[in-house]
Amino acid sequence: SPSFAEVVLKIGTLSNDANQLDPHVSTKSQDKILFPWVFNGLVRFAPGSADLSKIEADLAESWKSSADGLTWTFRLRKGVQFHSGYGELTADDVVFSLNRASKKETSTAYKGYADFASVSAPDKYTVKIVLTKPIPSLLGMVTNYHGGYIVSKKAVEKLGDNFKTNPIGTGPFAFSEYQSKRQVTLVANKDYFRGAPKIDKIIYRYLPDEASRELAFKNGELDLIYGTREQRWVERIRKDKGVKVDIIGLGELRTLHMNITKGPLKDIRVRQAISHAVNRDEMVAFVGQDVAQRSISVVPLGYLGNTSDVPLYKHDLAKAKALLKEAGYPDGVTLKVIITKVASLRVPMEILQAQLRKAGIILDLEVVEHSAFHKLIRQDASPLVLYGAARFPVADSYLTQFYLSDSTVGTPTAITNFSHCDAADAEITAARSEADQTKQLALWKTAQQKVLTQTCSVPIFEQLIVWARTTKLDYGFEMKNSLSNGPILNEMTTLK
Amino acid sequence: MSLFPKAGGLRRTIRDTIRVFNRNKTSWAGLVLLLFMVSLAVLAPWISPYDPIDQNILERLSPASAEHLLGTDHFGRDILSRILWGARISLSVGTISVLMGMAVGTVLGILAGYKGKYWDYMIMGVMDVFMAIPTLLMGLMVVAVLGPNLVNLTIAIALTVAPRFARIARAPTISIKNRDFVEAGRAMGFSDLRIMAGHIFPNILGELIVMGSLWIATAVRIEASLSFIGLGVKPPTPTWGGMIREGFQNILSDPWISIYPGIFILITVLAFNMLGDGLRDAIDPKLRNS
Amino acid sequence: MEEKLLVVENLTTSFHLQNGWFSAIEDLSFTLSSNETLALVGESGCGKSVTAYSIMNLLPKPGSRIDRGSVLFHGKDLVGLPEAEMRSLRGSKLAMIFQEPMTSLNPALTVGQQIAEVLYYHNGTSKKEALKGALELLDQVKIPAAATRLNDYPHHLSGGMRQRVMIAMALAGRPEIMLADEPTTALDVTIQAQVLALLDDLKRELKMSMIFITHDMGVVARVADRVAVMYGGYLAEVAPVENLFANPVHPYTEALLKSVPRLDRDINDLNPIPGLVPSIDRMPKGCRFAERCEHKIDVCEQQMPDLTSISDAGNHSVRCWVRGAQATSNGESQA
Amino acid sequence: MSKELLKVEGLQTFFTIKKGFPNPVTHTVRAVDEISFHINRGESFGLVGESGCGKSTAGRSILRLVEPHGGQVHLSGQDVLAMDKDQLREMRRKMQIIFQDPYSALNPRQTIGKILAEPLHVHRLGTKGEIRDRVFALLKEVGLPPEAANKYPHEFSGGQKQRVGIARALLFEPELIIADEPVSALDVSIQSQVLALMQGLQETHNLSFLFISHDLAVVRYFCSRVAVMYLGKIVEQGPVKQVFDEPLHPYTKVLRGASPIPDPTLSKKMLRMEGEVPSPLDPPTGCHFHPRCPDVMEVCKNQYPSAISVDSERTVACHLYSQKQG
Amino acid sequence: MLKYVLKRLAMAIPILIAVLTLVFVIIRIVPGDPAMVVLGDQASAEALAALRTKMGLDVPLIQQYFTFLFGAFRGDLGASLLSGRPVLSEVMTVLPYTIDLTIAGVVIGIVFGVPLGVLTAVYRNSVTDYIIRVFSLFGLSFPAFYSAILLILIFSIQFNLFPVISDPDLSNYGERMNHLVLPAVNLGLIMVAYITRSTRSSMLEVLREDYVRTAKAKGVPRFVVITRHALKNALIPIVTVIGLYLGVLIGNSVLTEIVFNRPGLGKLILDALSERDYTLLQGVMVIYAFIIVIVNLITDLTYGFVDPRVKHQ
């Protein structure tokens, strides 16, 4: 029953339903957003930041690594309680969580933990991680992100399959109820180790329609919404009284991947023609200065290893046409392209369609359901794939998933190498186990250069994420970047 | 060549039609509106001021002005041009799908009604199955399966229209079948085909046309609804429903993007409804004399 | 002179058609005495029903109007009577039964309800009493097992029974005048005979007057005291039934009687009346029968003759240039 | 050529209908139940009876517009019920039908010319010119102007439409015309016009008629012999004057007595009779007429009387006469 | 009566089987992979295969078909591929919302449509008649999603009377009603238009009937003539129309639910379609077909109720 002073925060998020509320499994935006509210990692990014150099203690009070970098030891904070009476957090839970995150059956983050030799608990509050090779950015893997979230061992074992709709963590807010296709309700974790949150209840609503979210926000039915990632929208809603807009990084890089093994795209000149036909400035102008950034390389801005020292193709229609002619397509080419219904990809694709048309490259767009899109692009059904992604902000994650031939779609180890790119395999693999940071950066740079020389893809722009809130909502810190795509809500957050 | 050329055949038909229309003035209004819409659609290539798919990002979301009479959408495309080209799709999807559904449904309905017995059971049984799936959902499924494009959209709507027309055709067929002139035909040794095609069909045609125009109105709406849900034709092809859907994102700031195509849907559907309504009143002999 | 219950004078009723107003009945004058049966005969479209509806004020509105004339009932003019007042007369003082017993009863109400309704609204009886009254009425019209029939719906009944129900309904308000618009045309001969006999009995018992509309000369002969023959909206001839059959004066009446085959005697050659009955928007100028008339003279096509009495008793009138009272004078002046 | 054109023996036609809600029951209507009669060349044979007694069904069964369930129909000695489709088409040129309701008998969407020409086309009877000439000739014969060919049925009066119906029946120069109440729907004055027309045509074409009617006076005028039907059965038949002037069967007597005669001196004595026409769905046992019969006997309630020949031309199905004989 | 109902339901079985088959076939042709939907776009091929096995998507189609069919007739529509919850319970959670909406729509349609229709018929060709008819034509011509948007803009945003998102707590009746108003009006408007029109035409027809003339000749008050004599008979075709337009109503309720973000079968089916949730989709279609069959049955039974010719034969 609603008590008289209950503070309820109502949030409208994208998507029509939760996917799986299991932090090790789900990589969907709508789920990712609420994980940091419910879970903690051993360490965390400072609230409102995604800077790897500003990592702070969270469940772990302190940590150290051995000289060879192969052994890491974490001291846990004492007295941290899991939600719903699942007891105190111990090293066992951490061991269980990290093992869970590194297993293919229980995690989608398992690849990142391939170099973990063992995780053990020497005592109740100590966790020891032994690696097979040194990982310079190990701390990143135990932050409050994806595999780094610590779950309750007892809860996972007890709930089994139901854990994904009944997550148990240690965060400021505890899961209360999930209503499919409608909402998730979280309640304040009064025993939160940093202090009880000032918000009593969070209603996290699934509202796939942007207009509906905005209308409901306008009507005061929602306090915080996932906004439309467009300049105009941002400017308009900013003008409204009592509204504050947060534009959050890290951005998602929108890249046009070109299948280098098929059809006209086999010819590098056609791929170059496409690269020249793309008008990044127009795209950024469309999306808007505040919410989009022109991309400078195949690795997103702000990622460790990103460089601008790469051969990016300039917008040049004449050159594009000439290249096409040279390739034997004086009348242009037509490509049958599959694209999702989801606006954040479809709309840029429609702009690309119009841009390429000017160079004589006709895109015959087939708009399909989002899931069909994912299935089809993994079957090489579309020669051009426009894909947007944010990954862990290290060049390796991007290069491995999109440009390593191991990850080529259609192979057993497939991830998301849609272009069948194989130009930089050596560099990417070498960089991963390179302990020397400078050498590592150099390798990553070469890799990026090679990928672009082979013209595997056209990086276009980076899309930031927009949230709008009532000014009554105060995070308690500056909300700049967030790996979860959403604002961080914790004990500091207030709603007047 | 007709054996007994009617006194001023065509002129007379036109005169009869005018008389029928005069009984219910809304038919005229409907017809005029409709002709207006059709001519817009037909003339779209010549009268639309811009290429409907040409983006002009810099001029996006501009309100109505001398350059863009109805403003531009969020890609900077001219809304008026898109509406004009969209009319072609809405009107042709609506009309063709209903004609297709009407053709199939009418043949089946007459057959079921005239032949009766197991023909009736079989045909109407199958029709009942199709009728058990609500119109929009049928369209939804078919388009989801076959992929959203013009042809599939048309087929989807035709599929939902056909069973309705089978029903519409069957009922009067049964009553006409018992009229003496059909019996007279049989007594004259006419084949079933001749009776169905030459004697029953012309007598139910009026009713079919009336229902046809009303269903085109529905079909235009279904097309718009499917486009609104995102199951319409491929981008960048303009359709009215799709335009409303796209404009819905900006409904609060730039409502005209949705409002203009909405008005055109409204007018078109209204025109077909008015035409059909008027025709229905005019053709119904019971409503005629009073 | 005996009291005239109903006096219709110069009644003219028009309908609105596509191209204007056309009179369906014109200059109609006749009277009805108490306990008398007047038969209105004539072919389809001659205005029999319109006459009845004009009296009852049941003409379809809009689209029709009474142009002139009066209908005096007990001396009170029914034309232009306020609707409320007219309604209180309808069903009580003036009752009507219709041709189609199949369609004239409400399929959604029981027979009992439909009869009781009249009692309920006119006599102010309670619903229960009204139903009791309905039962008595059903008995009166000789419906077997009336008590069970009370709860039947019309579709349970045969045509003859339905017509009896209609009659019961008309009787419910104890009417002084019953207008019967072809009440037996839709019935089989044997059933027709029954219904006619019933009406005969009832009329005698209840001392009603009746206007009986029909096109069947045989039925006229059976029921009527006086006959009014209509043609094209005008009265052609009015006479006591015996006079009319024995001595038809108007050429139309005469031709009509000669053109029907008879069961009781051999007729070797029928004498069909040539031509068609004109429709109301295409009425000829003069006498409306002129173009089909064997005896027509020039004046017939110019001018309508008046309805004039030709008998000393004053009970036989005819509207004819050739055989009417105007015959001699006009015939002479024309010649 | 034999004198006898049509011979009907023991003809039976049943309908099954479903009635009832929510649980329908199937009933069998014996619309025509073992009727027998014959028609001579050039003769008009009347079939009279009250509504629903099966007159139309009998006519339609003879033409095989409905399929009879039993009995035999011979036209000029040919077994009509045994014919296949092609033979049937041929037969229908010799036997035609006129309907009661002139409105429903003509296709409202066809001009009169088309209505009359189409059957000739279908049967390939002549070139276009010949067909046209034939249509004009027929129109003239039934008393319609040639312009009528261009008009639609709704532009005609009932009597004129009936003339078109008659013209259509004459198209193939048939030997027998089944006229199903051809004048019942017409106005009194028109009725006599049409009757006169049919009579004239009969003489010029040596036609035979099966003339169905409920109007005894018309039958008496038009026919030479008559059969009286009651609930699917023929109760009496014979020469028309004998049957109507000295009816044998109590039903014929009732029918005659109930028919109004346009003579006030005679008709006041009209017969009074009680009882309703029973439903054909559930006809009374024994003689169908017994519940209404003034002369009912015990035997009538259980046993249907067989037809008895009173003389060479008259038969009657009534126990009154079987007893006299026995 | 019970026997009749059972018989009618039995007769519906072949229709349901056919609908099931149709839906089953159609759905399987749709590209898209529910496993992918569950695991997301970074899942490995092996993980996907494993999940497909778990979901029962790897057995032959024909086997899936019979499993589904037999399940359906035992009342077991399987479990949603995505949420893992039984389809029936997924449907049951949202069914009250759809039922609320549909019934409210129909009630609004009847409450306003029938009197308006009677009015237009009685005052035929009057100004009232024209005004109401024009409005009902407009009502018919508004696509449901469009009218929904307008309603939101006017009543939620402009006047702030009702919520944009219609997602009430069902146990709170005030909220339930408050959230129902706009969607129900949206659905009802179209129903009003349909019912007004069909009431008008069937009233016009009935007003011409002989028995109405009889009633007038009996001297029964005009109101009684119109209601007791005319309307009672005119209701028969109106019932048909309401039954007939249920399909339209369902289509519109889908659109209404989408625009108002209201839980319900419509949103459920759309989500199921977009997520390739085969079992859920099948389940919802079955429920829809079943509803239509039931409504047809109710329509026919209503005939028996309003039309004594049917009832007492």
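Read from first to last, the chains carry the letters A, B, C, D and E; within each, the first residue is number 1.
As a convention for this text, a residue touches a chain if its C-beta (ideal position, glycine included) is under 8 Å from a C-beta of that chain, and two chains touch if they have at least 3 such contacts.
Bear in mind that the values here come from a model prediction, so they are computed numbers and not experimental data.
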{"item": "Set of chains adjacent to chain A and to chain C", "value": "E"}
{"item": "Chain whose mean Cα position lies farthest from chain C", "value": "A"}
{"item": "Most distant chain from chain D by Cα centroid", "value": "A"}
{"item": "Pair joined by more contacting C-beta pairs (B-D or B-E)", "value": "B-E"}
{"item": "Centroid distance [mean C-alpha coordinates] between chain E and chain B, Å", "value": "23"}
{"item": "Distance from chain D to chain C - Cα centre to Cα centre, in angstrom", "value": "32"}
{"item": "Computed distance of Cα centres, chain E from chain A, in Å", "value": "41"}
{"item": "Centre-of-Cα separation between chain C and chain B, whole angstrom", "value": "51"}
{"item": "Contacts with two or more other chains, residues of chain E listed in rising order", "value": "30, 157, 258, 273, 313"}
{"item": "Multi-partner residues of chain D (each touching 2 or more other chains)", "value": "none"}
{"item": "For chain B, residues contacting two or more additional chains", "value": "144, 248, 251-252, 290"}
{"item": "Footprint of chain B on chain E - complex, ascending", "value": "14-16, 18-19, 22-23, 26-27, 29-30, 137-138, 140-146, 149, 153, 157, 197, 201, 204-205, 208, 246-248, 250-252, 254-255, 258, 269-270, 273, 285, 288-289, 292-293"}
{"item": "Chain E partner contacts - residues on chain B that touch it in the complex", "value": "26, 125-126, 128-129, 131-137, 140-142, 144-146, 217-218, 221-222, 224-225, 228-229, 241, 244, 248, 251-252, 255, 258, 262, 265-266, 269-270, 273-274, 277, 286-287, 290"}
{"item": "Partner chain E, residues of chain A touching it in the complex", "value": "16-17, 19-20, 25-28, 104-105, 108, 161, 165, 179-183, 205, 207, 209, 212, 215-216, 218-219, 221, 341, 368-372, 374-376, 378, 401, 412-416"}
{"item": "In the complex with chain E, residue positions of chain C that touch it", "value": "56, 58, 83, 87-92, 95-96, 98, 100, 103-110, 117-118, 121-122, 153, 155-156, 166, 169, 173"}
{"item": "Sites on chain D touched by chain C in the complex", "value": "50-51, 157, 159-160, 187-193, 195-196, 214, 216-218, 220-222, 241, 244, 254-268, 270-274, 276-277, 279"}
